[in-house]
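The letters A, B, C, D, E and F name the chains in turn, as written, and every chain counts its residues from 1.
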Amino acid sequence: MTFPPLPDVILEPLVRLALLEDLAPAGDITSDSVAPLNTPMHALLRARAPGVVAGLDAALLSLRIVDPSVVVSVSIGDGAAVEAGGVIAEFRGAARSILMAERTMLNFMGHLSGIATLTREYVRAVAGTRARITCTRKTTPGLRALEKRAVRLGGGVNHRFSLADAILIKDNHIAAAGGVRTALERAQSAAGHMRVIEIEVDTLEQLREALPLRPDCILLDNMDLDSLRDAVALAGDSVVLEASGNIRLDTVRSVAETGVGYISAGALTHSAPRLDLGLDAD
Amino acid sequence: MTFPPLPDVILEPLVRLALLEDLAPAGDITSDSVAPLNTPMHALLRARAPGVVAGLDAALLSLRIVDPSVVVSVSIGDGAAVEAGGVIAEFRGAARSILMAERTMLNFMGHLSGIATLTREYVRAVAGTRARITCTRKTTPGLRALEKRAVRLGGGVNHRFSLADAILIKDNHIAAAGGVRTALERAQSAAGHMRVIEIEVDTLEQLREALPLRPDCILLDNMDLDSLRDAVALAGDSVVLEASGNIRLDTVRSVAETGVGYISAGALTHSAPRLDLGLDAD
Amino acid sequence: MTFPPLPDVILEPLVRLALLEDLAPAGDITSDSVAPLNTPMHALLRARAPGVVAGLDAALLSLRIVDPSVVVSVSIGDGAAVEAGGVIAEFRGAARSILMAERTMLNFMGHLSGIATLTREYVRAVAGTRARITCTRKTTPGLRALEKRAVRLGGGVNHRFSLADAILIKDNHIAAAGGVRTALERAQSAAGHMRVIEIEVDTLEQLREALPLRPDCILLDNMDLDSLRDAVALAGDSVVLEASGNIRLDTVRSVAETGVGYISAGALTHSAPRLDLGLDAD
Amino acid sequence: MTFPPLPDVILEPLVRLALLEDLAPAGDITSDSVAPLNTPMHALLRARAPGVVAGLDAALLSLRIVDPSVVVSVSIGDGAAVEAGGVIAEFRGAARSILMAERTMLNFMGHLSGIATLTREYVRAVAGTRARITCTRKTTPGLRALEKRAVRLGGGVNHRFSLADAILIKDNHIAAAGGVRTALERAQSAAGHMRVIEIEVDTLEQLREALPLRPDCILLDNMDLDSLRDAVALAGDSVVLEASGNIRLDTVRSVAETGVGYISAGALTHSAPRLDLGLDAD
Amino acid sequence: MTFPPLPDVILEPLVRLALLEDLAPAGDITSDSVAPLNTPMHALLRARAPGVVAGLDAALLSLRIVDPSVVVSVSIGDGAAVEAGGVIAEFRGAARSILMAERTMLNFMGHLSGIATLTREYVRAVAGTRARITCTRKTTPGLRALEKRAVRLGGGVNHRFSLADAILIKDNHIAAAGGVRTALERAQSAAGHMRVIEIEVDTLEQLREALPLRPDCILLDNMDLDSLRDAVALAGDSVVLEASGNIRLDTVRSVAETGVGYISAGALTHSAPRLDLGLDAD
Amino acid sequence: MTFPPLPDVILEPLVRLALLEDLAPAGDITSDSVAPLNTPMHALLRARAPGVVAGLDAALLSLRIVDPSVVVSVSIGDGAAVEAGGVIAEFRGAARSILMAERTMLNFMGHLSGIATLTREYVRAVAGTRARITCTRKTTPGLRALEKRAVRLGGGVNHRFSLADAILIKDNHIAAAGGVRTALERAQSAAGHMRVIEIEVDTLEQLREALPLRPDCILLDNMDLDSLRDAVALAGDSVVLEASGNIRLDTVRSVAETGVGYISAGALTHSAPRLDLGLDAD
């Protein structure tokens, strides 16, 4: 596998939840009543459309929890590109076990590969600029760690994982603190050396107010391209600049060409269509 | 609220998981370090695009777990239509609490309202035909119960919730049983009176084999429109017919006009884009 | 094993709960303080009374969680009959491990085999009639999936597993809807093709009202034998009829002889005495 | 309430598990589809047979988790006797909520009141002797704490709750230790002052060997009445004697009359029939 | 290993919690980004100060959950003494796995070995007297079972594990009951034969009141040495005496020399400094 | 309260675990058997030694879970100083409830206040220097979030919370990467703008190698005071310097006076003695 999997101890609660959704309370009643199914099965996990593979770690853990004796052979690991029709993995074992895990495996991988694939498109769209693509906290409830990893697998970098992860000062924080200066000073005093501090600005005026206080990053929210260019000129190399707000695949390159360092797009995680995958019995 | 919420006992584990994703391990470190925020807040939950509201039950439980003292007033309940700019609910309480729950609320509602909204589009597309729109098991891991409800809120009906829920005999079951007849007889013997039995057929020939055995439903998988029409003619009123396979919003009406009773579409749950929603401080 | 076990992912939470009840917080303090017990043990799981074996899946998972290295050999699997004195399984491994799991294994199997055994008695009592024996939702809290499976192992069929599983319209629903017709029409509109609809009637008059609306099943509650016979005559083959209410082992055959299709008995799960089982060190 | 309830923190995991069994994944689909049910309900929880009430703590917590706004009025608390037809509690609130919790409440109470009622019969059977009735570890998996409390509510006392709770030296421990003396000395050295030590003997000879070593209790296993009487004479007041092995309601008094201090019966928890209870809408 | 480990089923929830603290939500981002680390590693777990080993069971389970393929060789098991520099265990396996588990392993062992080591010092301080050292319920939240075992590993014995474990009658219980006699009589009636009864006294007068009622133990709380000696003389062998209150390592011997049977010290679990341990790559 | 509490959703799993440790499986059997205790209680939570209060959030949640009707009045909140004898909070409610929660409350607060108090001593020891005191990942398993907050309450700042939180490059990472330059470049490429990068150096030579690559922080591990001073001179203001390794209360000031920005001490969390607290009935 190209990228290390998430540790099982992180994946397991969600994988068990997903398996229970599909198996509780009585298991696979069709197989149990219709077919003995103690015959062996050889099945191929195939992409039906091109994309970037993600979620194989969760899928394989799903199968392992259902039946650790199924033999798995991975051809295209998480983070690697797959063509339409490409074989991602092979499974050999009890048909009953593979069929019980099938839908859960495909649901994890279709969703997460969809995110990795869309991320790669954004990353390619900005190729040659200095801008890097980053995600947001607009993730599917319960799946944040997996979706953030899918963004990395697609070539993006992660924004903060939670409200506890980094300091991001927004409008209402500035208002509550009584101004940009007070807000930033309080943040710098509290944060210590292990927390990044970012502040959101909507105007160049706010940007000018923030720059001398030397936050680690400044989020330029919903600015037009001209303003973004001006912001880049103003800031120079003194701070990391991030652009956000309504970033789409057809607009991201023009934003990148303004010279900002990071572009964050919620759509990576909240609106990526599934990558079509299927399991074919041999 | 137009539709009853899912019982809290079902929602709570997932809601707590979602809150922990956004708050663990140290809470909202920005608010804690920058702003006292013990001032009250009045905030409006607004749609930024038209759609069908869903996930309000999970969102309100999120807020209630963070702070049960926030006062909530709902204008547009789950299952109702909202216009762009429409106010769905109002919140009055501690700013700190509302901000801690904000992202979790929006993530639940954006995702689930997206599904309800897309379902409504499919339902409208087949208006005037006898066909009903139904979902599949292609759901996001951990969210099946909520996504299935979002389909209902959009006007669809639910297919089975799990492998334990109804008997759906597919190719490999028929093969393992040694034929359509044996498979259906075994299913009917095991199922009792509380389990629906459906069998998947790919050809009219298979349909003819299945019909005399009187399953409750027959799934016509990936048939072209002519075959679907023939299938409807063959089956008459003796059995419920369901069409599936690559159903899209621009093709669903032509499928419906063949006369099938149900049309299932995985895209309802696995590829619906988020409905854009936001929280505005007053 | 004759019947497939419930998937581990379903059994494991309850099995761990049961093990913790018997081992927390300090393990087996008697063995730990009195006997080194690193000697091997060979033990036989025996029935002390005749019956139908059930719960072996949960028992073996209990043992596997305590110590996966104990070697197990099953002679009489779940769903098979055992005589008094019959050996169900053999265990070879560390005495310490087998003794730690012993009580949990016996408690699962004694309880569930008791249910399977009682179910078989009901099934035998109606042999030669068309009636099938079915359970109810009157199960032991936390054990429903296991008890429902024990009913299947004894030859019965399962009624619905939960309030979410099928529609069963009772008195108060009819009253709230304003009549049998409205209730059934609403149910048929909501249910879709994957939910069975059953309605409960107490009188032949109610039966006559329900029949033309073609529910899938009609529950004849607490009717005397004459009324049941009349109901069977009225309904013909148009609907599945189920009799319920105070069904006992000594009365079930006379109910079956009225010609109903299903007979449901709460006693199967809520009042079955334990099947006596024991573990004998060789 | 006559007896204090178990702390909610103990009951809640099992109560939530039980509610989920009956409500997941979609809630009460009958009420949701057939009846609005936002009318109020007044319901009476009644015994349909005489007995001792138990499990009201778990039942009321079930209802409170479903809907904390239902008003409850208890007439006959846990541990009190109820006649056939007696009203145990009244509920006023949303019909929808009461109906969602109904089956879970009745399942807890029917099962646990059955145990309390059977225990009371054993206790009455030995009235006037010095013997006290005690339970065993032969409990239903997951319900031990609740079943043990039901035994107390019926007038019994509890034996140890788990393998970690007290030292009970059995045959295989004696064998592994190399004799009664070594086993008891090791136990006394390890136990400290907070652990009771009991040793099981099958013969008077073993009893004579154990007595001088002064264990806290001696378990007389499967002895006939004459041997029990001899054991009582031998032991005098120097140790607590407990009789066990195939204790039935029709034999327990003769065992009690031998003069033993405690009689343990697995049947109290593993084979008590349900107490018949029902919920009647007013 | 000298002492049997706690059963995995007890350790596992806490071990998983501890691993998640250190790995969620994205795993070891340093190793993942900087070093492939699929080279093997040979590491030695060493004490950097002398002490008693404890917590190896939890540490090894931590490693096994991260990666069951790491090969472990234990030199000095739980409960054994280790010198400064002594090798406790060796690990051979993937560097990535060992490093992911390292901190969790060391945190368990440092904390628990600290407790075992301090307990041994108390035990040695009273060597030659009849007094035994025992712990209290003043433990770290979530770690009670592990800390109690560490006390045993250090040579101490355990006091009760919980409020449900034994009866300990304190001031407010005596006051609420209306006197020592009533309190003890009620306790003896409720307790049955499996619960130890202890009563706390602050004065010799209270001791004289309690003695004739024959509780199993009497806790002499915060008495000076003279009073303790008088108490021992008064009580003779009729009851177990336990001294408590501000016991320190430099005072414990003088307390032991008064002749009491048990001395309980909260400091064993709430204030033991960590034993310094480290993992050295070979 | 001076500092905001951790969100309940974070505290609750650990608080429930702690309560269950003290109450399962049968509750407070002493109070239940000896004293009715339905009399009200007024109790004062008092420090018995001076210190900094911490853990009140967990303590009050413990009490609220046991009984939400107990009225609480806080005098000295988390993060505030308390004198010996000072009243931290008052409780009025059912004696039974307060006594059930007492030990859990005191165990949380004694442990966490001990950490806050020790941290304050370190902070005071470096007063007047520019150095700030920070913790490590050497925390008690399961309690990291609470212990990290206790460090903040004592005036310290937090180091990273987990391996996923920031990049800290150590020896074996440098070795695996093949040098300081490669390691830092890889880290900077992977980290994005939301992750701090720190590298550990043992010598001034390594420091010189790292400085030009501009990591956010450099950890000076186990250097003597002269080396630390040289390091500060070399680095100037270009990077944050952190000193670590065997920091003790009596040595921390001399380390601080070398001019480093941060000093990390594992002892803050792994070896702080409990702050003595007690609950006094009025």
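The criterion applied here is as follows: contacts are C-beta pairs under 8 Å (C-beta built on N, C-alpha and C of every residue); 3 or more make two chains touch, one makes a residue touch a chain.
Since we're looking at a predicted model, the values are computed, not measured.
Two chain pairs are in question, A-F and B-D; the one with more C-beta pairs in contact is A-F.
Taking each chain's centre as the mean of its CA atoms, B is the chain most distant from chain E.
Chain C and chain D have CA centres that are 22 Å apart.
Averaging Cα coordinates per chain places chain A and chain D 51 Å apart. If you average the CA atoms of chain D and of chain E, the two centres end up 31 Å from each other. Within chain F, residues 21, 23-27, 32, 100, 144-145, 158, 161-162, 164-166, 190-191, 195 each touch two or more of the remaining chains.
By the touch rule above, chain F contacts chain E in their complex via residues 13-15, 17-18, 21-37, 39, 58, 95, 99-100, 103-104, 106-108, 110-111, 114, 137-145, 161-170, 172-173, 176-177, 183, 186-187, 189-191, 195, 266, 270-271, 273-274, 281.
For chain D in complex with chain E, the residues that touch the partner chain are 132, 134, 157-161, 164-166, 190-196, 198, 216-217, 240, 242, 261-262.
Listed in rising order, the residues of chain F touching chain D in the complex are 16, 19-20, 23-27, 32, 65-66, 96, 100. Put simply, chain B touches chain D in their complex at residues 3-4, 6-10, 144-145, 148-149, 158, 161-162.
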